[in-house]
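Here's the structure, in structure tokens; my notes come after.
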Amino acid sequence: MWQGFPIYPDQASTIAQGVDHLHFFLTGITLFFTAIIFTTIFYFAVKYRRRSEDEKPPLILGSLPLELAWTLIPLALTVIVFVWSSSLYFRNARPPAASMEIFVVGKQWMWVIQHPEGPREINELHVPVGRPVKLTMTSQDVIHDFYIPAFRVKRDVLPGRYSSIWFQATKTGQYHLFCAQYCGAMHAAMGGWVYVMTPADYEQWLSGGAKGESMAAAGNRLFGQYGCVSCHIADGTGRGPVLQGVFGHPVKLQDGRTVVADEAYVRESILNPGAKIVAGYSPIMPTFQGQISEEQVLQLIAYIKSLGTEERKPAKP
Amino acid sequence: MSERTLALAHQFEDLGQQHEAGSLGMWVFLVTEIMFFGGLFAAYTIYRALYLQAFEVGSHHLDVRFGALNTAVLITSSLTMALAVHAAQTGNRRQLITCLILTMLLGALFIAIKLIFEWGYDYREHLVPGINFVFEGKVTPHVELFFLFYFFMTGMHALHMLIGLGIMTYLVLQARRGRFTPEYYSPVEVSGLYWHFVDIVWIFLFPLLYLIGGRY
Amino acid sequence: MSHSQVQGETSPRVHYLNTSYGIKSWLLTTDHKRIALLYLASITLMFFVGGFFAVLIRLHLIEPQGALLEPETYNKMFTMHGIIMIFFFLIPSIPAVLGNFLVPLMIGARDLAFPRINLLSWYIYVVGSVFTLVAIVTGGVDTGWTFYAPYSSVYSSTHVIVTALGVFITGFSSILTGLNFVVTIHKMRAPGMTWFRLPLFVWAMYATSMIQILGTPVLAITIVLLGLERLLHVGIFTPALGGDPLLFQHMFWFYSHPAVYIMILPGMGVESELVTCFSKKRIFGYGFVAFSSVAIAVLSFLVWGHHMFVSGQSVYAGLIFSVLSFLVAIPSAIKVFNWTATMYKGSISYQAPMLYAMGFIGLFTMGGLTGLFLASLATDVHLNSTYFIVAHFHYIMVGSAVMAYLGGIHFWWPKMTGRLYPDGWARFAALIIFVGFNLTFFPQFLLGYLGMPRRYAFYPPEFQVLNVMSSAGASILAVGYAIPLVYLIWSMRYGPIADSNPWGAKGLEWETPSPPPTENFEVTPVVTEEAYNYPTQEVAVV
Amino acid sequence: MSQHVVPKRVYFLVFASLIALTLLTTGVAFIDLGRINTVVALAIAVCKMLLVILFFMHVRYSSGLTKIVIVAAFFWLAILIALSLSDYLTRGWTPAPATWESSSSMLLHNPPSGETDLEVA
């Protein structure tokens, strides 16, 4: 039972140290004020203990300078902590553009992780050290939460939308992966390990084992299987918009608004096609809600993304 | 205890204190009602902001004529209620009873219109979420959300009206026994506050549900 | 006034306890003091039901793979523990027992403004408890006390509706209590009892009532919407059906964050009474302590989003909620410093209530300061939903609120029952509770920082040492809570008779005999002095 | 009892105004004013509410306490709606203005953001 008694978690990502510094600062504040309050109480309790029954203390009603002091000093401290912690949080909020992307689907009670290159793993995540990694995550049922304590990252994984976190591992090794949002009977089992590997090892891991088709290839297969290909024709003659070169670019809608074709938009367009119709097209696409899993949606997104690199064809007038 | 009247509860010093406490108590109760309906209005506001298009589609299935008619009915009932309080203040028992009964009749009329011409129609049109909702269109889930809010909000409102009708019945019975005097009419006044509050809820429900996004 | 009372043994004085006998005289009473005792009995029962679940939880977690229960059962245990302790013990604890008993006495009124509504609120509480207990007996519920959608509305196969209905019903009991207090404090104060002469407990109860009135209805409507979604399978909070699960969280925390202050504000009120009485001094900075209660009540409604920093809420909303959350720390800090300063140059004695009061200040300080970790965005990302949170809110809700509740019960017990309890045992229990509490919950701060998520039925083996420490502390804590139950019940029959003011305290409640007569005061008191006007030396220090 | 008795004439005037406002709000809904429609509808609803509160509910003649109680209720409702909306209305915004990152050593390899990000910044 005593084997391994840590009181301090691993620091294995670029942001872990920054979070820890703030954590220690706050711990310092906590200890300082707790010590002040405890010692003052004990000191007063002993020094001013009642010595006789008819003892009369002096009349003290209060002191404005003191009140101001213990209002303004804590206020100043909280402002410091607020600015410090918020700037840290904002810096960590947006993934670097050069991040490699990995897709995560949470379901009761497992994490399904797909690498764009093809490998698919369950409750395990292999990443290379020293490269920013962005996780695009969604849930197939209830709310889950993807939590890697050693990286100090955590994010709820919601059904019906994509959330993302990013990290850059700094140390090879094996770290805990937890679900941190209560999700039902086997909530505690919904976790596993993150393996941080050297880039060479990672490449070897990617190419080794039973390597399936890449996500984009799988998406391409689905694109044919579900008949998407019959309307979304690359030369612009189909009944649906051309998808080549769309991803990440603004799309003009029927009602005059413009949206950026990101993961969320593509997902919505597959599951609820009527919501945002592209200008010049009619709302004829059927919904795929209930026929297609979240993993397949992600594969389709990967496929549509892969089309983005090709030349943009002129859109249908 | 000699100068204490029947109407004065033991915990109060005098009728003035009792009246003020009763009135404040009703106002504080109405605060909880504002927050209760307010939670609904907040949820409605957020979904309306998110799914404006679907909510407009849903709203256009409601009949503005009945909404406006019912608004007028309810406002009239508020008038008769205010006149009832006036009658109680001036000790006019006959007018008090007449006004209370008029208020009840108008309240009943409101619920009848709602039930027969609106909810009945919606039911036949398969617009009741969770029971028989069928809607052909591309923004289905969010149109259903609109109708859910429509039924829940108007249903909650109607429930409050039914409670109001119960209170009115009690007041009429008490008034016929001559319980209310110009010195003691607190129950009439605080019930009036409640009735007017229910009216105010409808004053907001009408534009939010029926007039949303225009009718042009 | 008390001197006119002759405590003759031959002809017992008529007071609220012996004015009439029989079950009916209790179940139909409108006397606020008797209703307080009805509440005391029912919430004590609920406390030990909730405590039983806590013991099972801690026993189970002695071993990493779980020592006792199936994961499904474990999930029900922590859910029922949370629901019972929060909605059926902590929220009614000080307001419904001590508040009910003391607010009219402290302001010099004969009763609350609406005695029948007061009784009604107890019956509503009982009906709500019965629903929840029925849900437990017939199989329990496993959603966590937070009822997060869509797990609760679609996926859970347990008794969500019955339990939620129980919580919904009990909410009305809380609303009616708050309504009664607000009207009573506004309209029923004795002549001369101005706002700035009110005991600080009354200020705290007023602030608490504000939260109950403004927050609880939003919880009610949220629960109704959740029930509607579950019953009719329509989408309000479930994305697959067109809703947004974050809206549930917003509406839930709009009530449930202020609800934390429903639990702690009354404790702060009790604290002010205890510190002044056992230091025999005026409170330091009356105005600051009074207004900080109101400030906490207002600010508490502006901070709920800090429960949602990792939920997918917009980062900008997170920023707003973070800064507001820091602000709520300030009035709490003001209170702690003022209580400490009140002891300065006092005449301090250490009867049991004062030990609880000192424990309260210490534990509240720690609980409050660890809250800063969770208001701050960057650290919250790491600590959210871990044992750090569990430790933090237990320091506030158990370490502080229950400490204050027990301190208050010990302080006013002679007034409520007319009997004294053995002070030695009471001090011993206070010490045991303090030690047991810290041993239970301090290791959980470390566990949380290490990354152990909450609501885990089993956990990685390296967390075992800290979990065993925590479980050991819990067994000490359980003993600590059982001791007062024994000697307090014992004292009701065998304890020495208490006179009207055993502590030499100030305040109107101590000027009427113990136990008070049904009408509280023979003559309506007239107040001519400030609160806590203990005798002082000639010299004034301002 | 020193309760204020409001003349019946006032009640009838208020009633007439309420009916007129109801007709107005219904009528305006049939004219296309774009986004203004919602604003007008709500403004009229607020006016009607004020009439009912001030006259039918006698708040005009009531104590300051009653007025504070009412204002508090609407203030808290505004808190609920405004702070919830602060989440919903800012969700589409990008996480951080580009300028914040240039000072960060952690994100040196992050190139300047694309055109979609600049829309908000």
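Chains: A, B, C and D, in written order; residue numbering restarts at 1 for each.
The criterion applied here is as follows: contacts are C-beta pairs under 8 Å (C-beta built on N, C-alpha and C of every residue); 3 or more make two chains touch, one makes a residue touch a chain.
These figures come from a predicted structure and were not determined experimentally.
Think of the whole protein's Cα atoms as having one middle point; the chain whose own Cα middle lies nearest to it is C.
When the interfaces B-D and C-D are ranked by C-beta pairs in contact, the top one is B-D.
One finds 21 Å separating the Cα centroids of subunit B and subunit D. With each centre defined as the average position of its C-alpha atoms, the distance from subunit A to subunit D rounds to 33 Å. For this pair, subunit C with subunit D, the centres built from the Cα atoms lie 35 Å apart. Inter-chain centre distance (subunit A to subunit B, centres taken as mean C-alpha positions): 45 Å. Of all residues in subunit B, those touching 2 or more other chains are 20, 24, 28, 31, 35, 38-39, 42, 46, 50, 141, listed in ascending order.
Among the residues of subunit D, those touching two or more other chains are numbered 65, 72-73, 76, 80, 84, 88-89, 95-96. Residue positions 18, 90, 93 of subunit A each touch two or more of the other chains. By the touch criterion given at the top, residues 65, 72-73, 76, 79-80, 83-84, 86-91, 93, 95-96 of subunit D touch subunit C in their complex. Only residues 9-13, 17, 20-21, 24-25, 28-29, 31-33, 35-40, 42-43, 46-47, 50-51, 129-131, 133, 141-142, 144-145, 148, 152 of subunit B touch subunit C when the two sit together in their complex. Per the touch definition, subunit D reaches subunit B in the complex via residues 1-3, 5-6, 8, 11-12, 14-15, 18-19, 22-23, 25-26, 29-33, 37-38, 41-42, 44-45, 48-49, 52-53, 55-58, 62-63, 65-66, 69-70, 72-74, 76-77, 80-81, 84-85, 88-89. Chain contact summary for the complex, subunit A toward subunit C: residues 1-9, 18-19, 22-23, 26, 29-30, 33-34, 37-38, 40-41, 44-45, 48-51, 55-63, 66-67, 70-71, 74-75, 78-79, 81-82, 84-86, 88-90, 92-93, 108, 141-143, 145, 147, 149-150, 152-156, 158-161, 163, 176, 178-189, 289. Against subunit D, the residues of subunit B that register as touching in their complex are 15-16, 19-20, 23-24, 27-28, 30-31, 34-35, 38-39, 41-42, 45-46, 49-50, 64, 68, 71-72, 75-76, 78-79, 81-83, 86, 89-90, 182-183, 189, 192-193, 196-197, 199-200, 203-204, 206-208, 210-216.
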